[in-house]
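One structure is given here, and the rest of the page talks about it.
Chain nomenclature is as follows: A, B, C, D, E, F, G and H, assigned in order of appearance, with residue numbering initiated at 1 for each chain independently.
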Amino acid sequence: MPEVLIILGSKSDAEIGQKALDLLKRFGIEAKMLVASAHRTPDRVRELVCQSKAEVFIAIAGLSAALPGAVASFTSRPVIGVPVSGKLGLDAILSIVQMPPGIPVACVGLDRGDNAALLAISILSLSDKQLAQKLAAYRQEMADKVENDSNEVQA
Amino acid sequence: MPEVLIILGSKSDAEIGQKALDLLKRFGIEAKMLVASAHRTPDRVRELVCQSKAEVFIAIAGLSAALPGAVASFTSRPVIGVPVSGKLGLDAILSIVQMPPGIPVACVGLDRGDNAALLAISILSLSDKQLAQKLAAYRQEMADKVENDSNEVQA
Amino acid sequence: MPEVLIILGSKSDAEIGQKALDLLKRFGIEAKMLVASAHRTPDRVRELVCQSKAEVFIAIAGLSAALPGAVASFTSRPVIGVPVSGKLGLDAILSIVQMPPGIPVACVGLDRGDNAALLAISILSLSDKQLAQKLAAYRQEMADKVENDSNEVQA
Amino acid sequence: MPEVLIILGSKSDAEIGQKALDLLKRFGIEAKMLVASAHRTPDRVRELVCQSKAEVFIAIAGLSAALPGAVASFTSRPVIGVPVSGKLGLDAILSIVQMPPGIPVACVGLDRGDNAALLAISILSLSDKQLAQKLAAYRQEMADKVENDSNEVQA
Amino acid sequence: MPEVLIILGSKSDAEIGQKALDLLKRFGIEAKMLVASAHRTPDRVRELVCQSKAEVFIAIAGLSAALPGAVASFTSRPVIGVPVSGKLGLDAILSIVQMPPGIPVACVGLDRGDNAALLAISILSLSDKQLAQKLAAYRQEMADKVENDSNEVQA
Amino acid sequence: MPEVLIILGSKSDAEIGQKALDLLKRFGIEAKMLVASAHRTPDRVRELVCQSKAEVFIAIAGLSAALPGAVASFTSRPVIGVPVSGKLGLDAILSIVQMPPGIPVACVGLDRGDNAALLAISILSLSDKQLAQKLAAYRQEMADKVENDSNEVQA
Amino acid sequence: MPEVLIILGSKSDAEIGQKALDLLKRFGIEAKMLVASAHRTPDRVRELVCQSKAEVFIAIAGLSAALPGAVASFTSRPVIGVPVSGKLGLDAILSIVQMPPGIPVACVGLDRGDNAALLAISILSLSDKQLAQKLAAYRQEMADKVENDSNEVQA
Amino acid sequence: MPEVLIILGSKSDAEIGQKALDLLKRFGIEAKMLVASAHRTPDRVRELVCQSKAEVFIAIAGLSAALPGAVASFTSRPVIGVPVSGKLGLDAILSIVQMPPGIPVACVGLDRGDNAALLAISILSLSDKQLAQKLAAYRQEMADKVENDSNEVQA
């Protein structure tokens, strides 16, 4: 049974979702990626969320980007929203970040499927020490890569 | 039974809704104003919309303003969205106007409960000649008022 | 005689208008697409709108995008405005959505000729049960496609 | 007969128009201020512009601010547009400045009735040497005031 | 020992932090509120975060709002960022939401101390069934309040 | 001796300036195009403007776009500013349009060298009936082209 | 003879300039505050800058905010620009920050006369060890104040 | 030992950093370019800044662009921030320019590595007359180039 459920508002967001999926799998987390539109299939969103045993939800959407908020309306488990870039830069960010009082969504950066996965991992690490260690190691790896990059840039 | 259903995302939007309600009543249209939050009460939104016999819906919301889109996800009757102003000007406008392909919302201007009502009246006038005449008269009145205003400004 | 009149502010908006036209025709609605500029041919806009028997108008324009408002100034029938994207994202959206009190325009999303057509169909469905059924079927089709997309994404 | 015609999109813009009127009168230019809405009274705009002998038009409007463009659509004489501030800062500016090819409007700053008048005076000065001298004197006065302000600030 | 650490970028953000604190305490969560500036006291931020046993961090900041990202740079536990409104609406939102790949921050809405607390509660609920029940009850309360509000609005 | 002086802030703006130049020449107006940077060559701007006999100035610039205002600071003849598009859409528009009280610039749309020329022609037409007739003819041509475009679109 | 020259674009910016002046004086730096408008008094700006012996310039302006760039066009000494807030938040920021290649301005935050002074002090400290020590002490004081604020917030 | 330290937030910013480096070297200034991420390697930023003898720092970053502020938090020597363009234009600009009171960053334009170098040179010129002369010569060269460009444009 998946621990993280990734829901795409549209098939066109699959590339961003895949980044999240790959990272979650690399950390050994069970994850599943589905498409469900808040506007075209509201009942499907409701059903998927209410039946899911996922501990964390990642919802990815562009434009008016109602999906993360719709997911959050059906669960009190953590929902991470990923705004998708398009002709306007701000629409999806503002739609996801400006949630009303009472129903939070954790918004990450534009097209940041990777950070959505890392935030989910961070949340799941609270009750899983091994995962926390893997995450710390991953961050150390990133830090090391910065030093390598620095050497290349200077060369 | 109401012909137009006005749904507020929050009680704090009541003043804008009231403008719509007053105008609808002035035109002899049955209308009802309720509160239902897309995020706090998604099932209530679903229920209200699916059980409603309203021909036109007016949904009024600020911030991430998912309500108009949520209403539109449950009905193929026309849905008019009114963005409500707040600390940012653009969030509610972009959340309402940038609907994805397939599920349109008719977005009117910031805080324009009045125009939402007039758009609903315009839609209902297509099959109601008397209403169309009242609307034409109302617009003539507005035009006359402009001339009066002009005289005052010159005085 | 057409039921929906599509007016383009410029020939360069034809692709967006064509999406609306195709969708209207698929639903068996008579529609016609013309070019008339609010700024270059104000009298032509006036004449086309005043002589038209169309029940719904779709006006498509970019930049300062005065066309939808100009159409609305000559008719009290419903006018749907489609903002066209360009170097700035916001100009056409704000020009169309921020109509003054008294003269509403129903603004849909950036470049959303398709949603303009679907909103027109939704309005015309109020007095045409067959059309309403077709629209319901179309929406079911979209919902089914989401499920198919979901299966593809998971494969 | 007035040399400059000031048209307000709404009586609420009168204060900004008055600044333009006062400045024009101070320079001995005949000017008249009227109200005419591009959306509520399109025919009135047409009539006022087409019958006017004004050499320069100043059109003042907020929100979707179609008035300056509407005036420009009926005359090839210079049209100066003044965007009026409101809940959003950008709507009126973008609506006025982003005119399509072929029909220019000379946009000045937000709420800058004064600069609209000075631009009109600058235009009329091209064929009126005395006016040009008055304008040069006015600008010298402004420059002198800057020096006085500087002394006050240092005191 | 506190389970949630609230860090304010400036004493002037205390009101927003207090909303988070009150809500956390209402749910029986140990929480502590401190001031530490990413720019004025970077070492203090480092020290507070590295020595803290908190499971979730809430960082509240306006303007360039580096604090949430700075906190996240020192821990792989979840960090929730609250942008604070000011003269510009967008600066703090974009500074918090647009984190680079690898170091996520969970951004909530402008001035939404309440939602930051609820997101923290949601995260902590994953391993605390009682807390999850309290959160579900709180959400039910909110939903009930919407119905009450609706009755008042109709009265 | 030129009647219109076109000043480019940078050689890279030459394409936009050329559109203005071509249109001015088509109307038989003497025009000259130069490069002078408000920031790199402030004295050159001063000298060019103060020595010029041009009746109208067109200043074309991107980014912080100080050139139109700099030109206007040295002359009380009409100055038309053309904002040039770049990575941000709004910088040049706001820099040109938001002139302080006392020194107006006539701002036209983004990259609209053509409209700058037409505005200059409109200004010069006030004292040149033949030019006014040519401008009226040009506008009629544009209107005719709209009708032709409409026929093509329908075909 | 002053080491820092503060130039205000308008007397209305004096309060922001005063903050810079006070801070500079507190650090024992000679400073002088004048008014000179890039648009109303371009020659005065030129003269003040060219005759000044100041090592650092602080230019404070709102709206199209050309002053900092104008100052920088006449000197290759460091110029710090302070954007002043108004009806729009972004105009002055973008006008100051988006300088073209070759002529930098050091832009600080909206209305941040204090930070302009501190940046000037930081620059002057490079060749004045005592000043550098005072600045370090000032920063320590700020850091201490954060701890005090933290204690108050917790009390 | 380097006089200017250029720090990139990411290897992908190297092209912008290289422009700064080349210009600094052309002026005979010792400079070094490194990568250090405020978020991925906060301790590395601290260490590099605290151990550096550089007189001026240039920090280059996109997105939430915390690097320039992070550098400034560890030194009271001048820090120049270069915002890097991306999907949104405004995020990096606002993150860098809107620093809180007490810790200034000198923000230059989007992607303006060149202007960052010139600002650093301008600062270093205050205590190095030869450098000041080279800078004056460079600016004269730029001015001459404008005249050449002008001749080419006219040809």
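We take it that contacts are C-beta pairs under 8 Å (C-beta built on N, C-alpha and C of every residue); 3 or more make two chains touch, one makes a residue touch a chain.
Keep in mind the model is a prediction, meaning the values are calculated, not measured.
Of all residue numbers seen at the subunit A-subunit E contact, over half occur in both copies; the interface is built from largely matching residues. The chain pair with more C-beta contacts between its two chains, of D-F and A-H, is D-F. Subunit A and subunit B have CA centres that are 34 Å apart.
Mean C-alpha positions place subunit B and subunit D at a centre distance of 34 Å. Separation between the centroids of subunit B and subunit F, computed from CA atoms only, is 42 Å. Residues of subunit C in contact with two or more other chains: 10, 37, 40, 63-64, 88-90, 94, 97-100, 102-103, 109-110, 139, 142.
The chain pairs satisfying the stated touch condition come to A-B, A-C, A-E, A-H, B-C, B-D, B-E, C-D, C-F, D-F, D-G, E-G, E-H, F-G, F-H, G-H. Those residues of subunit E whose C-beta lies close enough to touch subunit A in the complex are 55-56, 76-78, 80, 90, 93-94, 97-110, 112, 114-116, 118-119, 122-127, 132, 135-136, 139, 142.
Every residue of subunit E that touches subunit H in the complex is listed here, in rising order: 9-10, 37-40, 42, 46, 62-66, 69-70, 72-74, 88, 90-91, 94-100, 102-103. Those residues of subunit B lying in contact with subunit D across their complex are 85, 89-90, 109-111, 139, 142-143, 146-147, 149-150, 152-154.
Of all residues in subunit H, those touching subunit A in their complex are 8, 10-11, 14, 17, 32-37, 40-41, 44, 63-64, 87-89.
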